[in-house]
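These are the structures in question, set out in turn.
Below, subunit A partners subunit B and then partners subunit C, in two separate complexes.
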Partner chain A sequence: MAMIAADNRGLRLATRYAVLVLIAVIFVFPLVFMVMSSFKPDQQLLQDASNLRAFLPVGDISLQNYTAAFQRAPVATFVFNSVFVTGVTVILSLLLCSAAGFAFVFVNWKGRGVLLSLLLATLIVPFETIAIPLLLLASKLPWIGLDGLTWGWLNSYRVQIVPFIADGLTVFLFVQYFKDLPGELIEAARVEGASWFQIYRRIVMPLSGPILATAAILKFLVMYNQYLWPLMVTQEEGYRPVMVGLQYFFQLNVAWGEVMAYLSMITVPVLAFYLYLQKAFIASIASTGVKG
Partner chain B sequence: MKLFGLAASAAILGWASVAQAQETLTMWYHGAGNEVEQKIVNGLIADFNGSQTDWKVELQSFPQGAYNDSVVAGALAGNLPDILDVDGPIMPNWAWAGYLQPLKIDESKIATFLPGTKGIWNGQLYSIGLWDAAVALVTRQSTLDELGLRKPTVDQPWTKDEFMAALDAAKASGKWEFAFDPGMAWTGEWYPYAFSPFLQSFGGDIVDRTTYKTAEGALNGDAAMAFGAWWQGLFTGGYAQATQDPADRDGGFAAGKYAFSWNGNWAALGALSAFPDTVFLPAPDFGNGPKIGAASWQFGVSATSKNPAGAAAFIEFALQDKYLAAFSNGIGLIPATPSAAAMVDNYKAGGPLAVFVDYSARTALVRPVTPGYVVQAKVFEKALADIANGADVAATLDAATDEINADIEKNGGYGH
Partner chain C sequence: MASKFTVSNRTGWLMAGPAVLLIAGFVILPFLLAIALSFTNQRLVSPNPTEFVGLANYRQLLGVATLTLDPLRDDAGAVVVKDGAPEYPSLRSLTRNNPDRPDLAGMREWFSFSLGGESRTYVLARDVVFMKAIVNTFIFVLVVAPVQAGLALGLALLINQRLRGINVFRAIYFMPVVVSIVVVSLLWRLIYDGDSGLLNNLLGAISFGLIPPVDWLGNPSTALGSIIAMSIWQAVGFHMVIWLSGLQTISPTLYEAAAIEGASKWQVFRYITWPGLRNTAVLILIVITMQAFGLFAQIDVMTNGGPLDSTQTIVFQAIERGYGKQDISGGSAISVILFVIVLSISLMQRWLTREKT
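Moving on to the complex of A and B:
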């Protein structure tokens, strides 16, 4: 009887691993294909595409596509722009949205329920529907800088950052997470005379590692993959991010090797960021009940 | 010493006044990512800036795939440059939408330009191109010989029956995966550019060009139905694949997968390097003469330009044969004038691509010259993809006609 149970357990384990390996293969092979193709000349890349050689570093392997990609487009500028815009937006978003979430959950004030509902309602509005009004607004906003007062935010980093700092989803994530924190901690701190800011900074934030990681990853992905908005607001090459830069590689005759090299270069930071935060991400997803 | 000081002051003042008088013209161009094209444009601008002291052109380049959206966004934000380039068939829409103003140049200078390079809408010139593009039926002389086919010419193109007989022979030989590669993987503008000439050769069109107020009869009349049935037959008959891998489109002909490929002059040198006996045949005549698409990228002046005279001066400067030839040598497109073509090895008489000049001059038809084209092109593309994938021809073309008519009506006839 015990042997049958052990056999069943072994079978279940083998099946589970087989399924997991299959899923891993499905997800990993496109990345392997991308990286391997980035080292191959176009003709070989196209020939290999129909067989297993596509996933192997075989044939005429070189860094030529990477060199050519740097010649075709200012790759370093695009990567810097994306990393800078994404990094600043993520940091500001975590600060602002966590503070908003804190205020919605712990501070008692009139209208917070209605405001939270309104904020959540913005989740159903796709960005595309507000892109043009936002563009018109951004083209007329004032700014005080080294040149004094100027009008219009186009062709700048701020136009790519400011509209995305606060969003309903991130606030919602923080609200959900904060609701599960023990209220006694907050009450005790209030009794001890701590200010709201002290509670936010010294009690709530140190307990919010998983949700900070989750919000950071989600915001990072959204920002790093931005295409439509930067396309609309950056006419100057010096401000363009990586996704707009990808278009530089789609000429009449597409140089697929260079496309793969460029994609490999811009994908690595995202993968690294995700791998760095994935444990916290998974923990937070499990605790907030947010799927997908 | 005093004299030296005076001279220096005069020089500085003189330089300052020249610098002050020189107006800056901003220019947007779609060539980012194309190193060769970028170099030629920069050279042209440097030459213009050095040739006079009134204007200084400053370039901002965009990748082609993002260019149109960037211009539309720029127009909405009131941030258009003085000079911009525009894809020929889009020009009427941008003129109608108020992005462009009529181009005031000496029109005698473009008298010998290929017809497809002139962006004329509502009787006015809005844009002018330095080159055009053309499409041909690409195959190998050895294929023609092997299948026992005559080599067609513009004067004696293949008829529909001859073309289908050629495809039948290629299919029956079993030597190729598919007899014909129309280029189904190249979605977007390729469909109306490359395939609407087939429809026009049948006698139909995307829209009724006599009024531009309806597609009724043009896109769903008898000729269009015959075209639709023929088009669908290419796929149901196994001559071509309805869904194509982009890699096959780029490398399939060179890999020997297709006997005939419908492709542009920009891909011609690649085909020649794969097979030195490659030949570029004219479009088949489906009853109303052989037809190919026309109109490529052109220069125009934005409606908001404060210096239209300077912008026009730059465009006029760019029309010199040496620049037409330089662009052709660099990016492989057809020079706009015969005199410039004679300066280009590929396109001069006897050159390997000289036939494209002839095809462009004698068989090219611009896509419908209407602001509604941007919508009509997408409707046409979807209809052709659906028919290729087995949709009912009559129902699909009727639906496409209704969609185009509704759009024209919604936009008040687009000013026609």
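Moving on to the complex of A and C:
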């Protein structure tokens, strides 16, 4: 009897793993297909799609597609633009939104209640509903740069950065996190005569590692994956990010090998980054769920 | 913290000011602009001054009318039959320069139906494509919201087991979420391809060639469904993680008590897990709905709204007008319509799922 029961448990365990693996295959196969195809010439790529070779690095394997992708489009420029825009936005966002969260939680000032509710109300405005008027606004805004006063922000880095630095969700995440910090600590520091900046810099920021990581990861995902906005505001190649650069690959005669090479180039680093910081990525998404 | 040591108007404004100003300028202002511009004829670049046009944009987008027509009769009074079906007066004669029906001018047939009898009812719309876009978007949301939320809950329950290596599976299920939807859409174009697509090959193989290849994105009856399936595949991990964090807030002592009482798996889910997930469920439904109404990138990369407008969506129309045709006012009107829809649906969801007292 005991043996049968043990066998049953073994079988049940095996079924559980089988289900888990089967589902894992569903989530992974397109990505494996993408990377493997990027090494194959077009004709072989399409032939392999009819069997399991699609997921294996077999046949005529080379980096030919990658070289061709670089010839077809200014890939390095796109990558630089994406990294630059994403990096600057993330850093500025962490600075300004954490400062705002700090002010909303720890400082007593007139208007903070009203402003906080106003910021929370913006959470129900999807970006898609403001994209068109924002486009008009961006086409008319002034800017003071090296060549004096100019009008219109289209085709620039600032048009991709400035509108996305502050958002309701990021401020809200900081507010939620700061509320759980011991407020007496901050008050005690004030009584001791510490300046607000010292408290922010020396007490609160050192305690904020997890929330900074969360906010940075969420912003990074949004910014790096932006498509609609840069599509509308960057007609000049020099300012386009990687996702808009994709258009060079799918509009006319699609060369699938090159497409897969480009997709792999812009996706695999992000996936590697994700797998490396997996826990932090998942925790940051989970934290967007606490507002319920 | 009402202590006098923490009062400082200057610090408050100084530290919150920059973020508040940016949100005011780049979220609240454009939102108000959308409303204001939707009542004008604003274009992105135009030599003419902007004018107030009242509800003209909304009338152009949302104008619908119904019309019931009797079939044509010949001199003897019999119904004229053409190709085995009764023939009806042409709609053009009513919608083009007809002085008797100025209200129908410029309208086109959206669809028609017959409620028995000889007469046929035609539904006309001033902007048929936009009507189709609204319908498609609603279909997308109505399918994606429950299916994606349900599958995500299933995955979360699966991942919530105590098994060796379960974190590896969690990491894998979440993987598509970090990949851009633009990349995913382009990748899946090859999977859905009518000739050498992976999906057709797979279906052919498991059915021993019985299922004929389908041009998934090129066929009006499968295109939207294909985009729905792919969108769920990409985003389901996101909501799985939110369900998981909800599951982990349920106290283990409840499960222990249930085990002692000898509750079945279904009873445990029904009376412990599900009530514990209430708030998570409301949040997930609202978030998925908001995300689903924003459907754009998939359409732009995969189908451009085709074939036969079967994948037109509200946001795709807003962008096509506001950006493609540089008609800022038309695009703004669509944005406002979208916002009203999203707002009323999330209020409705909140009301339907309210705590009943």
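Keep this in mind: the second predicted complex is superposed on the first by the 238 of 292 C-alpha atoms of A that agree within 3 Å, B and C clash if a C-alpha of one lies under 4 Å from a C-alpha of the other, contacts with A are read in each partner's own complex, and residues count from 1 in each chain.
Everything that follows uses one rule, which is that a contact is a pair of C-beta atoms (placed from the backbone, for glycine too) under 8 Å apart; a residue touches a chain by one contact, two chains touch by 3 or more.
Bear in mind that the values here come from a model prediction, so they are computed numbers and not experimental data.
Applying the stated contact rule after C-alpha superposition, one finds that A:237 touches subunit B and leaves subunit C untouched.
When the two complexes are overlaid on their common chain A, residue A:276 makes contact with neither subunit B nor subunit C. By the touch criterion defined above, A:224 lies against subunit C but remains apart from subunit B after alignment on the C-alpha atoms of chain A. When the two structures are aligned on the shared chain, A:46 is found in touch with subunit B and with subunit C.
Between subunit B and subunit C, C touches the greater number of residues of subunit A. Contacts of A:250 after superposition on the shared chain: both subunit B and subunit C are touched.
By the touch criterion defined above, A:103 lies against subunit C but remains apart from subunit B after alignment on the C-alpha atoms of chain A.
Contacts of A:129 after superposition: subunit C is touched, whereas subunit B is not reached. In the superposition on the C-alpha atoms of chain A, the part of subunit A touched by subunit B in one complex and by subunit C in the other spans residues 46-47, 49, 132, 135-136, 139, 231-232, 249-250, 256. The residues of subunit A lying in touch with subunit C in their complex are 13, 16-17, 19-20, 23-24, 26-31, 33-34, 37, 46-47, 49-51, 54, 96-97, 99-100, 102-104, 106-112, 115, 118-119, 122, 124-137, 139, 162-168, 171, 183, 186-187, 190-191, 196, 200, 221, 224-225, 227-228, 231-232, 243, 246, 249-250, 256, 259-260, 263, 266-267, 270-271, 274-275, 278, 281-282, 285-292. Interface residues of subunit C, counted against subunit A in their complex, comprise 1-3, 5-9, 11-16, 18-20, 22-23, 26-31, 33-34, 37, 42, 44-45, 155, 158, 161, 163, 166-167, 169-184, 186-191, 193, 195-198, 201, 233, 237-238, 241-242, 244-246, 279-280, 282-284, 290, 293-294, 296-297, 300-301, 315, 318-319, 322-323, 328, 331-332, 334-336, 338-339, 342-343, 346. Per the touch definition, subunit A reaches subunit B in the complex via residues 42-43, 46-47, 49, 71-73, 132, 135-136, 138-139, 152, 154, 231-233, 235-237, 244-245, 247-254, 256.
The touching residues of subunit B, when paired with subunit A in their complex, are 28, 32-35, 60-66, 69-70, 73-74, 76-79, 245-247, 250-251, 255, 264, 266-267, 270.
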